[in-house]
Structure formats: structure tokens, C-alpha cells
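I'd like to ask some things about the structure below.
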Amino acid sequence: MSAETAVTPPLARPAPNEDAAPWRRVPLVTVGGVLLLGVLVPILLERLEIGDYLVTLLILFFMQAVVAQSWNLIMGYGGIYSFAQVALFAVGGWTTGVLAHSLGWNPFLSVLFAPVLATAAALLIGLPTLRLRGTYVVLLTLAFHELARVFAINGPRFISGGGYGLVTVATFPLGDAVGAQRNTYLYYLALAVFGLATFVIWRVIHSPLGAAATALRDSETYAVSRGVNQFRVRLILFATSAFFTGLAGGYMTHYEGGISTSVFDLSRLIDLLAMIVIGGWGTFGGPILGAAIVIGLDQVLVGIGDYRALAEGLIVAVIAVFAPRGLWPIIRDAYDRYLGPEPPREAAGDPPAETDDRGGPTGTGVTEGGG
Amino acid sequence: MLEVRGLAAGYAGSEVLHGVDLTVGEGEGVVVLGPNGHGKTTLLRAITGLVSVRAGQVILAGQDITRWRPDVIAAGGLVHIPQGDLLFPDMTVRENLLMGAYSGPTWAERRTRLGRVYRLFPWLEERAGQLARTLSGGERRMLALGRGLMARARIMLIDEPSLGLAPVVTEQIYANIRTIKEGGMSLLLADENANHVAGLADRVYLLEAGLLVREGPAGELLQDEALLESYLG
Amino acid sequence: MTQPGPAGPSPGAVADGGPAHQVPILECAQVSKAYGGLLAVSSLSFAVLPGEVYAIVGPNGAGKTSLFDCISGVSRATGGVIRFRDREIQGLRAHQICRLGLARTFQTTVAFDSQTVLANVLVGSTFGREGENPVLSFNAAAREAALDALALCGLGARQAALAGQLPVLARKRLMLATALATRPSLLLLDEPVGGLNPGERSQMIDLIRDIARTGVTVLMIEHVMKAVLALAQRILVIHHGQEIAQGPPQTVLRDPRVIEVYLGALRPMGPDAEPARA
Amino acid sequence: MHNTQLVQAVWGGVLFGSVYGLMALGLTLAWGAVRLLNLAHGAIFIIGAYAAYWVVSSLHLTILVALPVGVLTAALFAALLHALFIRPVIGKPGFDNATLVATVGLSIAVSAAALLIFNPEYKVVPPVVPGASIVAGVQITNQGLLVIAASLALFAVVYLFLTYTRQGMAIRAVSQQREAASLMSIPVVRTYGVVITISGALAGVAGVLLSPFFFLNPSSGFNPMIQALIVTIFGGLGSVRGALVAGYVLGLFESFVEVYLGVAWALPGVFLLIIVMLIVRPNGLFGVGEVRRL
């Protein structure tokens, strides 16, 4: 029988200040408008002759944005420095690839298993790493990435397809639709995945789980002393992030009709990192904006071929040091100042002020040791 | 020796010192008294460049050192014994002392300077090989003082020597500071605790909410009980 | 050992020096903590009675914060038993101990700097209590507890401020508010008036008195005697992690050992700063 | 003749141990002294190797000239990395975040640049000391012996440097209490630069000496980076002694697994060893916590 010390202050209870609260109700109009726009876009684009090209670009944008958002959820918000995101994407891709290719399952069924296995893999990595400090998580997740890559290249034939990955995987059966028509259906499928992921991530960030994850990032010892179960919160966050990353992996395997071991190349890792860093580390809109910029940049820079990775690497380095908050906070603040409807304060994106610089990347904030 | 004119300084967003004027003469012992949290530590840290100076000037022996980096100021002979000692925890007592004599010319004569500090604090020599983190509160304070003496100091700034020490140990620390002063060293001491500085201070400043409100010879100010009571709470 | 009576604002316990028969809310028996050979806390034993304000006094480096770290689960005691409401907690993790109703503040004022004041307190009210903690929405009880704690600590009007940009006193109040939001029955305060000027100090003392009046038992570490004398019914003086004396402040401060080790030249019972001797 | 296997396992273990130690030394120094997790360490490794390759293949000079050039180029790049990307964030709260992401970005930029300049084919860097001899049926390469000697020598030099020299002690002082170090007239920013440049030079030495064992291509910096990270953390972040011991423990473990269980098990074996180690001693062999001093 826990002692019910009802704290009945003589003072009146103040009204909650909605702007300050971590929960956030998005006006239905905004959500409805965005969805409507998403649905209309392919119909509008059909008229343009490069419309089909733009639709494929948007599909790529949706999938990249899902993975970037998922990675930002654990690294930006949760302060978990994991480099396993690409490997989890691959786990999703290979799961549905193998099920569809080797066992002949219908892609619509097998794709559902992609996120499930990716989440299982995340729980497998998470168990040993999530009790550890930042630096070790970097190591273990990088090692998992390497292990997955080696397994994919010289694993059993039905996995490695002779070292180049699965090259002949069935695409989504969409009746006899072909060409632009088929692309539009694929677009709506991608929009659904992107919409689901964005909605869930928004809900998580603005929920107790999100507040607990950011609390752990700001000061692990302080958060744990306020009842936050560090292991449980981080595991749920890790699993959520892996779920959507795996789903995107599954979708892309069937969209491209295969998945190659080149998915493990470092350039994929830097693309994702660039999206988060350029967009806005630890903010909701950052990765989405970043995905749009990086994909747009890719199209523009395609002319310079190999210089793209060089340019991207340098841009990431420069922005990480000189504009750590990324572009999204700048746009959001401008949006608030001039247009105003959106509440002024979101969980500020800038890296947390560590009260004690001895802590690992997640910053333990409070000194241990003799008093 | 040290002159501070109209010094304003503070941390991101909040200004703590609003225009402070202060002087320390050659071989003089000056104490800045004031309640906790009113800017004593900020004043010392602004003088040695650890805190950015918003306005005003800091002049050491005629040279304007306001914008200099802390390590350049230290090399210029202004030694600061920080609040809470800030020793190098995983280095031995001897290594901590040697770091005091880091700057160029002093390093050459480090052995002789080490000998001098060992004579002043004999037990430091017994513990030379011990890691600093294993020392007790009083021992740490003496090591911090010793480390400051290793440098070629023209003036020593000491921040709250009695902080967190049992009063019995504090007596010893102030006795050591007295011997340093008798050696002709100019001193600027920041302290919350008035009753130990009697033998040390030639002049006393009272600092309240970032402003020096009273200045005068130590004898006169320290006797004024009502004054002390109101400031030191 | 029967479950102790409700630790609500039982008038009896608070007033006098703590009657003998009262069952303690917190009991430490031979608690020790060693950091690589250095014995920070050496077999301390004491008990805190429900509803009282109990202070642990001693100079810096006497092992006070290490003791708090062991009680609150931030670090593990290397010896001895800690019982909270008749249950051994020295093996539990920090979040489990908090959810049993034991909340603490820290010597270095800490906050979730990137979040607003309201979000800070909501973390405590949502996760700090026993029972299922919500994952997707902040339930009404959590919101109310948070707002009550903010009101008690005088932060009701600053809910939207970012914790990282608050001045020292407000950050200390926020840390206290997040602790109260977990509706603790025992509150551990680590140097609540440290780093405050006299004005702010008396504000904090009044705030702690209000909190104690709501029935929360307070265990406090402090070396500012003014605050200890103003608040504590009983005190424990420790030095180098060992107990020197324990009991009501008036008798303890006259104990010769305490004077010799801790107070030194200060007259016992004198106010904190003594007028200068010639 | 099972003792050939044993000799092979031991030789491989000692060689691998020295290789890992050499790679991890620079990384450990950077982490221990300035808490910089330099994920561009692998990139600096290949910069040293490519510079040496360029001297040998384009300037047709001997490897004895190429070695110092390689080391200097690597050190120069590290100094540049410090001046442009580390200095602006020293002492700032976002230091860990910014340096981690910046070094990842730079390592990608470097491998992309290498791809453009030296095209993707494998390059061969000649060994400093060619030739080998057979002992109990096992090939002992002279370059291998050189690597073992170089690794042990450099560990000794770095250890003595940190323990006894003025600059070495200053580095340790900065790593333990940055503010107090500046009060002792130690130029903190310059000390950061010295440490990062030394760590870059060490990566350069590793690059030039080890490239003959691995074929050099634009992305061949990634694996040594992972191994250096494993050794650094296994040895206790920032502990020079720990990195030396951890290098040999991991090297022998991997070599024995390879000889007796087969090559395929090498990497998974090491991976499992790390997980077990991280759970049993999360602070590494010599680490006393995330903040291990040198």
C-alpha cells in the first residue's frame, strides 16, 4: 500500500501551457492538406512529359526520408550513436527478397516480414549495446554492419546470390498496369509507407516515450533518477526505428526488383548522415527536409559523377561543425516569426549543453564518484 | 602591480560583474569579501581570461592583458589558484607540481623550484608519487598552492582557500598563505569567510551583486561587525 | 516488521524530536562505499523517521554525496543494508528506487536542458510513480502532479522557458519540482542552498519548510549551518565518511568531537560567519 | 607436424597484434588526450599509404624515402583536420557530436578523392624490408618482423613521451583538466593540435608499413578503422598500455581462430569476443570508466 501523500498544495493548480507541453495537437487542416497534396501530385505530374521521372524521384525521396527519420529518432532524439541503420535496411530487403525469390511468396505478403525481422535484428543488437555508453554503441553497430556485409557477400548462395546480392526478385504484382500507371500505384504505396512512418515518429517524439528518450540524451543519470527505465525506453525506440527502416528496405527490394551488396557501401551511410545533419539533428522536420535537399543535390550533381561523394563528405563535415543545428530550425524559426500558426517551441534541435564534459557522447551530465 | 578598471563580465546571457575597479600594489595583500554567488569567482576568472570580458580593462604591471588568452596571462606571471583546486587527478603530486612550472624559462629551473616548494610543504615530498585524486581536502588545497608557487609569479590570485575544508585544516592553509605573503608576493584573495584573513589583508573590498561597494584598510573594515553580518549572511 | 502507518502528515512525528517507537521510513545499517581503495563512506548507520527533516552535516569530501548515490541507486554500496519503507533497496536500480517513492536532487544543478520547464517536470510525474507508465499519452494524473509541483516550487508562470537557459535558483527549483512530481514519500536534498546568496537562501529554506509541511520526509545534506539549524529536527555529523555524532542539533553542536573536527574555531551555536577576532 | 600450426598461429597472432596495436595507437592517443573519436583515422591511414605509393610509383624513389613522406603527409592532413574542424568546437558542448559526424564526413571525402586521383584498382606498396625466411614450415616475412619491432618501439616512445617529457605531461594535463592546464600557461588549443598531428603521423606509419599486407584501394581504410576502434575500446578508452595489450590479445585470438577453426570464423569470432568483453568489463581491460586518462 504505497503511502498516498497527496500533494495538496494550498496554491491553485496552474493551467498547462500548451506551447510548453511535449504533446502537440497538429491542426487537422494541415494534416489533411498535406495528404491531399500527396494524393494529387502524381495526377498533376502526369501531364508533364518528365512527370514519370519526377514520380520515381518522389518515391526515392519517400524511402530515403523514412530511413533518415528513423535514424534521427534514435541518434538525434535518443542520443544513441548507432551505425547499424543501413544493415537493418538490408535485413529488411533480404528478408522479403529471400521469401519472394526463393520461396515464391507474393511480395505483398513477404514485404510485411521485412520490418518484423529488422526489428528482431535490432533487438538482437540492442540487448548488448543499449546498456553501454555512446562510444561502444558506435563500435558494436559498426561491427554489426561489417558482419552483415560479409555474410551477405559470402553467405549461402540463396542469400548472397554469388556475392552480388539478389538480382531477380519479383516486383509488386499490380495486375497488368505498366509504365506510368504502374509507377503511380508504386507512388501511392510509397506514400502510404512514408505517411505511416512519419505519423508514428511524430507521435513517438511527442509522447512520454519521446520525452524520456530526450531526457536520457540530456542527462542519463538525472533521467534514471526520475524513474525512466533507460534500457526499456531505448530498446522500444531502437525497435521502432528498425521497423520502418526494414519496411523501407523491403519496399525498395521489390521496387527495384532486387537488392545488391552495394547497399552496404559507405556512400549510402554518408547520404543518410548528410540528410540528418544538413536537415537538422534531433528535430522532427530535419531529416525530411534533408532527404529532399540531398536527393535534389544528387540530381544536380549527377553530372560530376564521382565528385558527388567528395562534395557530400565535405558538406557534412562543414555543417556538422559550423551549423550544428542544420537548416530546419532556421526555417522553422523564420516560419514562426513571420507566419506564426505553428507553436514557437519544438524540442530545440541544438546539441544538449553537457553540464559535465567528461561524459561519453550521450553525456552523463552528472558527476559520479566521491561526494 | 595589478589594476582593474570598469570590468564588466559574465556568462552567456547574464552579466555578473557590472563595472569593477580594483588595484593590488607591489607585495600588497588584497582581499575581496562577498557573499556566495555575487561574482567573486567571476572577477578572478575574468582577470585570468577564463571568462570573457565585456567592458573595462585589466592591467598587469603596466601591460593591458584584457584580451590575452589564459595561458599567455599565466606565462606573464599572474598565477591563479582556482576555486576547488582543479588538480590533475590521475597525475602524481610531483607531476602536478611540475606542470606549475610549464612555461619556458621556469621549466629549466624546475628542480630548484621543486626543492623550494618541498621545503614549504614538507609532506608534499613524502607523497610525491601519490595520485592527486587520492588526497584529502586539505592536502589537495596545499598541492594547489604548491603548484601555483612553482611558476614565476608576480601576483597570485587565490579563490576561496577555505572552501569545503574543516575549520581546523583551514587554519593551516591560511598560515601557509601568510608565509607566501611574507615572501613578498602580491596577493589577491577572494573569500566568503572574513575571520581568517585578518593577518593577510592590507586592504579589503566588499563585493555585492557584482559591484564593489566598500573599499578600505583591513583593520577598519574587519572590525565593523554590522557590515560583515549584513554581507556574509 | 509491519508496514509502517501512512507516512501522511502525522502531526505527532514532526513536532518533537522524533518519538522512539516510530518505525523509520529509511534505515541505513553499516553502509559503506569504496572508490578503488578510497573509502568514501565507511559503515554509516542511521535512521530517518517519517515526516521529519533529517540533515547530514560535514565538510566537502566527507562522503555525503556518495551516500546519496548509494541510497538513490545511482551507484551501488559496497557494504551494508539500506531499507526504505521496510524493503531492502541497495540492490535496486535508480529508476526502480524512484518509483518506490524516493526522489533526490543533485549537488550540481542538473536539468533536461533542451526541454521546457513543463516537459522536465512531466518526465518526473509520468515515470516517477509506481504502476504502468504510459507510452503514448500523458495521462491526467501525470499532468496534474506536474502542475502541482510547479505551483509549489513557484514555477507555474515559467512553463515555456527552456531549462538550459534558467538562472541558478530557478534551475534548483525546477530540480526540486521534478522530484516532487514523482510524489515521493522521502525526498533527498543534496546541498539545497549551495551556491545561493543570502536572499535566495532564505527563499529556498522557506520552500523546503513548505514541502516538509505537506508530509514529505526530508533527508538533507548541507554544510551551511544556518539552513541546517532552521530546518532539521535531527542531524548526523560525518567526517571522512565516518559518523562523529547524531541527534538534535542543539545537543550535537555541543559535542566536543564535533567542535574539534568540524567547527574548529567557530563558537558552537554561533551564526555561520563569526565576527572577526582581533 | 601440428607444431607448424602452432607456430603459424603464434606468428600470425603476434603479427596481427602488432598490426592492430600500430593502428590503434594513434586513435587511443587522440581519444585519451582530447576525447576525440577520430573516425577519419582510417582515412589518414590510406593518405599515408597513397603518399608512399605515389613517391614510389611516380617519383620512382625507394620506399625508404616514401616512408617519411607518407608519414609527413598523414601528419599534415591531421593538422589540417585539427585547424579546420576541431579547433572551432574545442570546449563547446556539442564537441562530441560535431567531431564524430565531421570525421565520418571527411573519411568519405578522402576515399572519394582517392578514387578520383588513384582510380579504384588495387595498388601495391612495396615492403620496406623485402624477403622472408621459413621457420618450422611457416613463412616469416621480414616486413612482418619490422612491423612488430616498429609497433613495440612506437608504443615505448609514445609511453615515455607522455610520462616524462614536458609536452607529454602537458598533453595529459589538458586531458584531465583543460581549464587548470591553461592556468598553468599550457596553450590548450596548440596542445590539441600537437596530439592530433602525432596521432595522424602514427596512422601514417601504420598506413605505409601495413599496406604491403593488404592491397591498397580507396576504401581500404574502413577495415583498419574498425579494428583500431575494437582494440582501443577493448584496451580501455584512451589507455596506451591497454591498446598494446588488447592488440595482442585480439591478434592472438583471431590468429588461433583462423588457424584452428578456419578463416570464415575470424570476424564473427572477434565480434562475439567484443560483446562478451563489453558485458563483462564494459570499461575495457585498463579502462576505469568512460573517462580513462592516459
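Think of it as A, B, C and D in the order they're written, each chain with its own count starting at 1.
Methods note: a residue touches a chain if its C-beta (ideal position, glycine included) is under 8 Å from a C-beta of that chain, and two chains touch if they have at least 3 such contacts.
Predicted, not measured: the structure shown is a model, and the values here were computed from it.
Counting only chains that touch, the fewest steps needed to get from chain A to chain C is 1. Among the inter-chain contacts, the highest number of C-beta pairs connects A-C. Chain B and chain C have Cα centroids lying 33 Å from one another. Centre-to-centre separation between chain C and chain D, using Cα means, comes to 48 Å.
Centre-to-centre separation between chain A and chain B, using Cα means, comes to 52 Å. Between chain B and chain D, the centres computed from C-alpha atoms are 43 Å apart.
Looking at chain C, residues 38, 60-61 sit in touch with two or more other chains.
Looking at chain B, one finds that none of its residues touch two or more other chains.
Annotation for chain D: no residues touch 2 or more other chains.
Arrangement of the chains shown, judged by which pairs touch: one closed cycle in which each chain has exactly two touching partners.
In summary, the structure contains touching chain pairs A-C, A-D, B-C, B-D.
Taken in their complex, chain D has these residues touching chain A: 31, 35, 37, 39, 85, 88-89, 91, 93-113, 115-116, 219, 222-223, 226, 229-230, 233, 237, 264, 267-268, 271, 274-275, 278-279, 282, 289-291.
Contact residues on chain C toward chain B in their complex (touch as defined above): 37-38, 59-61, 165, 167-168, 195-198, 200-201, 223, 226, 239-240, 260-266, 271-278.
Within the complex formed with chain D, the residues of chain B that make contact are 48, 50, 69-72, 74-75, 79-80, 82, 86-91, 95, 98-100, 102-103, 107, 147, 151.
Contact residues on chain B toward chain C in their complex (touch as defined above): 13-14, 35-38, 133-134, 136-137, 163-168, 170-171, 192-195, 198, 209, 222-223, 225, 228-229, 232-233. Within the complex formed with chain C, the chain A residues making contact are 1-9, 11-17, 19-23, 203, 207-209, 211-212, 214-215, 217-219, 221-230, 236, 282, 345, 347-348, 350, 352-353, 355-356, 365-371.
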